[in-house]
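One chain, chain A, appears in both complexes that follow, with chain B as partner in the first and chain C in the second.
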Partner chain A sequence: MAGKSGREISATPKGGITKILSWEGALILVFIAVIILGKSISPNYTLNNVLREMQKYLPEIFMMFGMGFILVLGDIDISVGSIVCLCATLTCIAANAGVPFILAALLCILIGTCCGMLNGFLATKFTELPTMIITLGTQIIFRGIAEMSLGSGGSVSYKNSKDIAVLAKKIGPFPISFFLVIILGVVMITVLSRTTFGRKLYAIGSNKTASYYAGIKVQRTRFLCYTILGTLAGLCALFLLSALYGANTTTGQGFEMEVIAMCVFGGIATTGGKGNLIGGLIAAFIIVCLRIALGQINMNTQLILVIIGAMLIVSVLIPQIKNALMPKKQKV
Partner chain B sequence: MKEKSLWKKITGSREVSLVIVLIVLLAAVQTLSPSFLTATNIAQIFRNNALTMLMALGMLCVMLTGGIDISITSTLAFSGMTIGLLQKYDILHNTFLLFLIGAVIGLICGSINGMIVAKGKVAPIICTMGFMYIWRGMAYVISNNAWASGQDVAGFSDFGKDGAIGPYIILIIAYIIFFVVMKWTKFGRQIYAVGSNKEAAAISGINVKKTITSVYAIMGMLAGLAGVLSVSIYASAQPNMQYGKEMDVIAACVIGGVSMSGGRGTVVGTFLGALIIAIIAKALPLVGISSIAQNFVKGVIILAVVVLNVITQRTMDKQNLSRREI
Partner chain C sequence: MKKRVISIVLSAVMAAALLAGCASTGSSAPAAESAPAEEAAPAEEAAPSEEAAAPEAGAATYALITKSAGNPYNEKEAEGFQEVIDAMGGTCIIQHPEAATADAQIAVIQSLISQGVSSIAIAANDANALSAALQEAADAGIKICTLDSDVVADSRATFCNQAGVQEVGQALIDAVYDLTGGEGQYAILSATSQATNQNAWIDSMKAISEGDAKYAGLELVEVAYGDDEPQKSTDQTQALLQKYPDLKVICAPTTVGIAAAAKVLQDQGSSVVLTGLGLPSEMAEYIGADDAHSCPYMFLWNPIDLGRLAAYTSIALVNGDITGAVGDSFTAGDMGDYTLTGLADGSGSEIILGPPFQFNPENIDEWKSVY
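Presenting the complex of A and B:
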C-alpha cells in the first residue's frame, strides 16, 4: 500500500515471509552477529560483564522511545541532551541543598517535563517554524540555564551519593534501568502500534493537513509527544546521576544525536510516518552491545564512533540500493 | 507614493531590519561601556568569529537548497588535524600549500556528503550526522589522541596570530566571491531555484543533483579552510577542536534570515546574523553580564528573532488580506 507521496505506510500489517524479511528481522540478525562477534573477540564478553557496562548506556534508550514518537510525527528534537544536563544539574543542586531524595527525583522528572512542554508549546504555537530551529534555540537556552546555575566552577557533585546509588542497584545480574527499559519498551511499543493515539501519530507524520481534516487534534498530539520526550529526558538524567554522581556543563552533550541515530538505524524515517519502536529498541541494543564489545578489546572510542557513523549511513542507503536493484513495481 | 515604497522596502527587507537591530545593539552597548567601539575590539570580534563567519557562507548555500550540514566542525577538525600533523612531523611548512591541502580535504569530505544526499536521497541531517561521527573519529585516529602544540605550528601560526591580517583577508575575499556568485552568476541563481522548487528547477533544465552535490562540496571546502585557519589562529590542533560549534553557524544563518525550508537567504543577511551573534558574545561581559550567561542570552535571541519573524509575517499576511476586502 502506498501513500499519495509514494511513501509506504508501514503501519499496515504484514504477515508471513515479509515479516522475516522486514527491517526488524534484519536487525535481529545483525544483533546476533554482534553478540557472536563480541564472544569471539573478547573473553570478557559474558552476560554479567555486558550488563554491568550497559548501565551507562541504558538511560539513553529511555529517550529513544520518546524520540521515536517525535520522528514518526515528522518532527525532530535536538534539545534532549541539554534537557538532561539541566535536569541533572538542578537535581544535584537541590539535593545538596537538603531536599530529600524522593522529592529531588520527582523534581528531576518534573523539570524535564517542563522543558518538553516548552518545546511543545513553541512547536505548536509557531507551526511555521521547523522544529529543528525551535529546538536548536531551546538546546542553547537549556544548557545556558544549566551553565548559569553551575556558576564559574562548571560542575557539581551529588553529596549524598548513598541515596542516588539506590537507582544503580541490581536485581540478579540485571540493573534496575534494564527493567525500566523493558517496561517502557512494552508500554511505548504498544501505544505506538496498538492504540488510536499511536495511529494518530502515523497519520500526522504522513500528512498533517489530511489528519487535521480527519478530526485529529494535530497540535495537541504534538504537544503531548514533546512533553513525553521531556519526561523521559528527566528520567534519563536521574539514572545518569546514579552512575555519575554529579553533573557538569558537558553532561548529555551529543545525546540527541546518539538517540536519533538509534531511531534511524531502527528504521524510523525522519520524514515521518514510517518505522516502529521495536526496530529502534533492537537498534539501540545493537549499538550498545557493539560499543561494549569493541571497548573490551580496547579499541579507540572514536574509532567505534566511526564504525557507528558508517553503519548509520549504510543503513539509510539500503532502501535506496534495494530500489535500484529491484525491478520497478507496476504503478497503479 | 515614493515615500510609501521606501517604507515598504525598509519593513520588507530582512537585511535592513538586521542593520537596524545591529545599530541599536551597538548604540546600547556603546552607551553602557564607552570603550567598546575601538579598532582593537572590532578586530578581535572578527578574529574570534572568523571560523563561524567563514562557514556560515557554506551553510547559507546548503540551507538555500533546503538541506543542513551538521558535519562541518568534524570536517574542520579532520582538516585542521591533518595540517597540524603535517607540520608536527616536519613534512610541510609552506602556508599556501597547507591551505590548499586543507581545502582539498574539506572538498572531498563535502563531496561525499553531497553525493549521498543527492544521489542516495538520504535526509541531509541523517547523512551529515553519520559523517559528523566519521570525520571527527578520523581526526582522532590520525592524531592518535595526541595534538599539535604551538611549537609544532610556530611558523605557520604567524598567518593568523593576533594582529596579523591573514584571517581578515580570507574573510573579505570569501564574502566578496560569495556575494558576487550568489547574486550575479548562473550557479548562484540555480541554488536559489533548486531551493525554492526542486521539481520546477529540474523541469527548467537545472541539474538538481549536481547543484546539491556542489553546495555540500563548497560547504566542505569552507570547513576545510576553516580548519586550517583555526590552527593558525589558535596556534594548535586538537582532534576535539570546535566541538559542537556547528550549531553556532546554523544559528548565525537563521538570525540572518536564511529559511530552513530553502530558497530564502542572502550573503549580506548571513554576515549580519554572524556579526550580531559575535557582538553579543563580546559585549555581554562589557555591560556587566557574566560570560556564563552568554549561551542563555544567545538562545533567547535566536528564538526571539525567529518567533518575531513569524509574528510579523502573520500580521503582514493579515494586512494583505484586509486590503483586498471590499
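Presenting the complex of A and C:
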C-alpha cells in the first residue's frame, strides 16, 4: 500500500503496533509537541485563549472533511474559497433585503450546495478535463459573480449582525463551531472508513476504470462528493459571516490551499485512494495550534507561512526517505 | 472493530493533550513571561528591567496592525509609531497580517487579545469586517484606535485621520497664492465631479479664498474633471492651457490628475506651474524649482507623523487622558495639542493629523522610494 507517496496510510485495518507507528500516530506526537512548544514559548497559550483564537480557523476545518473525500477520489477542488465568498456575499445581500435569519442561513448552505453541484456536473460531464482546470474556472466564475454582486464598494455588511452573531456564541470556552467540527468529524470519518460509500471512494481513487467495471457508479459518486464539499463550503461561509458581519472581495481568499494543506499534511494523497480523515483532522489542529503559538510570540506572519510550508514539504518527504532507507520487497 | 477502538483512543489522546497542555495557566506562566516579551519586540531595548519592576508605567504594551507586509507607506507609519512608544519606554508590537485582508487582520487581533496588550492601533482593510473582533478586544479592556483607514465608529475609540478637509483646503489655496505671486488665474484639475473628498477640498478652497481679502487677487477660472483617468486628465490639462492663455497655476488635488498634468506641462515646457496632492514616487521627476520642472512643490500626508500620532493617541487612551469622546484633548509630545472632533455623520470622533506634508526639491529624493 506504499504507493507513490510511500506513506503507510490506508483504509485497510492493520495490527496494533503498526497502528502506533502509522502516520496518524506520528501526527498525534507532533500535535502534543506543538502544544508543549506553545506552552513553553508563550505564557498566554491557555485553553481559553487557544480556543478563542481557534474559532477563526474552525470553519475551514468543515471544508477539510469534504476536501478529504475529493482528494481520496483522486480529484481536487480549488474553487471552495470562491464558493465561500459567493455564499457569504449573497447571504448578506439577501438578509439585508429582509430575508429572515433562518432562511438566509439555509440560503447560504443552499448556494454552496448548488456551486458544488455545478462543479460536480462539470467534472462528471467533461471527464477528459482535469478537475484542477474545471475548478480553476469555477473559482474565477464564483468570485466574479460575488464581485459583481458586491458592486463598486467591494464590500457588504450584514445589517442585523445580532442575528448572525448567535453562531459565534460559546458553550463554556468552546465555540459552537468546535462542536460542529467534532460532530462533522465523527460522521465524515465514519462514512469514509466504515461504509461501503467510503470504500467506493478509495476504489475510485485507486483505479477509476476497475471501479467502473466493478459496478461502482463512478460519476454519480464523484458528483455527490463535489456536492458535499459545496454544502460544507456554504456552512463555512455561514460561520465566517458570524465573525466578519459581512463579506468583501477577499472573503475566503486562499482557503482552498489551506484546506488542501490540512489534508495533505494529514496523509491524504492528492493522487487518490489513500489517507483518512482522522489524519486530516489531527493535521488541521496541528496547523491551527502552531499558528496560534507562533502568533502569540508575534513572529512575522510571513515567516509562519514559510514554516507551515516547510512542514508540509517535510511531511511528504519523510515517507520517501523512509522508503529509500528501508526498501520494500516488491518495488517496481 | 479494532479500528474503531483505535480511532476513539486516538481522538481521546488528542483531546486530552489539548486540555492538559493548555489548562494549567497559573503556575507556569510567570517563569516563561520574560523571554517571549523580549522576543516580541526586538527593537524595544530601552530599559527592559524597569519594565519588569514598574508594572504601571512601562508594562503597557502598544500594538500596531498594518494593512499588509511590504507596504512602504505602512512601514513608515510603523516607524513613527515605534519611535514614540520606544521613547516613552513602553513595549511596542508591530504586526503585519499575512495577507492584505480583514480576515488576516482578525487572526492578529485575536492573538493580541490573548497576549493582553494595552492598546491596538489598526489601519483597517475593511470597515465592517473587523467589528466583531475589535468588540472582543474592547471587551477584554484593550483600547482601540484606527489610523489611515477607519472602521465603523462604534468599534473603535477614535480615528487618526491624515486628511482634514479644512487643512487640505488651506494648504492648497496657500500654495496657489504663493505660486501665482498673490494674483492671477488658476484652474483646478479634479477627479470625478461626484468624488466626495475632492469636492470637499475644492469647496474648502473656495470658501477660504472668498472669506479672506488676502486671496482677492486670485481668480478660479475652471474646475476641470479628469475622472482619475490618465488620458482624460491629460486632455483636460491641454484644454485648460488652450482656453486660458493667462493661466498661472493648475492645482490638482488628485494623484492621477497631478501626474498627468505634470507630464503635459513639463513636455510642453509650459510656464504654467502645478501643485496639488500627489504621490512622491510618481511625481519625483517633475518636482523641481527651476523651469525644467513643472511642479515646484506638492502635498500629501506624512505617514511617519500619522504613526506617531497613533502612538500618542494609544498612550492617551491607555492612560485614560481621553476616552474617544468628541471634545477630549491631549498632548501628543512635540506634535502639540490635539482635540477630538466629531465625524461629519455624527457617529464618532476623529483626530486630524494637521496640515498636509509638503514635498519639495529638498526632500523628494528621500520620499520617492517610500510611496
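The definition used in the following text is that the second predicted complex is superposed on the first by the 318 of 332 C-alpha atoms of A that agree within 3 Å, B and C clash if a C-alpha of one lies under 4 Å from a C-alpha of the other, contacts with A are read in each partner's own complex, and residues count from 1 in each chain.
One rule holds for everything that comes next: a contact is a pair of C-beta atoms (placed from the backbone, for glycine too) under 8 Å apart; a residue touches a chain by one contact, two chains touch by 3 or more.
Worth saying up front: this structure is predicted, and the values here are computed from it rather than measured.
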Worksheet item: Which of the two partners, first being chain B and second being chain C, lies in contact with A:130: first, second, both, or neither?
Response: first
Fill in: Which partner reaches more residues of chain A (counting touched residues only), chain B or chain C
C
Worksheet item: With the two structures laid over each other on chain A, which partner does A:253 touch: chain B (first), chain C (second), both, or neither?
Response: both
Discussion item. In the overlaid three-chain picture, which partner chain does A:300 touch, first (chain B) or second (chain C), both, or neither?
Written reply: both
Discussion item. Between chain B and chain C, whom does A:316 touch in the aligned arrangement: first, second, both, or neither?
Written reply: first
Worksheet item: After superposition on the shared chain, which partner residues are touched by A:292: those of chain B (first), chain C (second), both, or neither?
Response: second
Worksheet item: Which partner does A:111 contact after superposing on A: first (chain B), second (chain C), both, neither?
Response: neither
Worksheet item: Touch check for A:87: first (chain B), second (chain C), both, or neither?
Response: neither
Discussion item. Let me check the overlay on chain A: which residues of chain A are in contact with chain B and also with chain C?
Written reply: 253-254, 300, 302, 304-305
Discussion item. Quick check: in the complex, which residue numbers of chain B touch chain A?
Written reply: 68, 70, 116, 120-123, 125-127, 129-134, 136-141, 145, 239, 244, 247, 250-251, 254, 260-261, 292-300, 302-303, 306-307, 310, 313
Fill in: Residues of chain A touching chain B in the complex
76, 122, 126, 128-130, 132-134, 136-145, 147-148, 150-152, 253-254, 257, 260-261, 264, 269-271, 300, 302-306, 308-310, 312-313, 316-317, 320
Worksheet item: Can you list the residues on chain A that touch chain C in the complex?
Response: 13, 16, 19, 24-25, 28, 31-32, 35-36, 38-47, 49-50, 52-53, 55-56, 155, 157-158, 161, 165, 168, 189, 193-194, 242-248, 250-251, 253-254, 278, 282, 285, 289, 291-292, 295-298, 300-302, 304-305
Fill in: List of chain C residues in touch with chain A within their complex
2-4, 6-7, 10-11, 13-14, 17-19, 21-23, 25, 28-30, 32-33, 35-36, 39-41, 69, 93, 95-104, 106-108, 110-111, 113-116, 125-129, 131-133, 136, 152
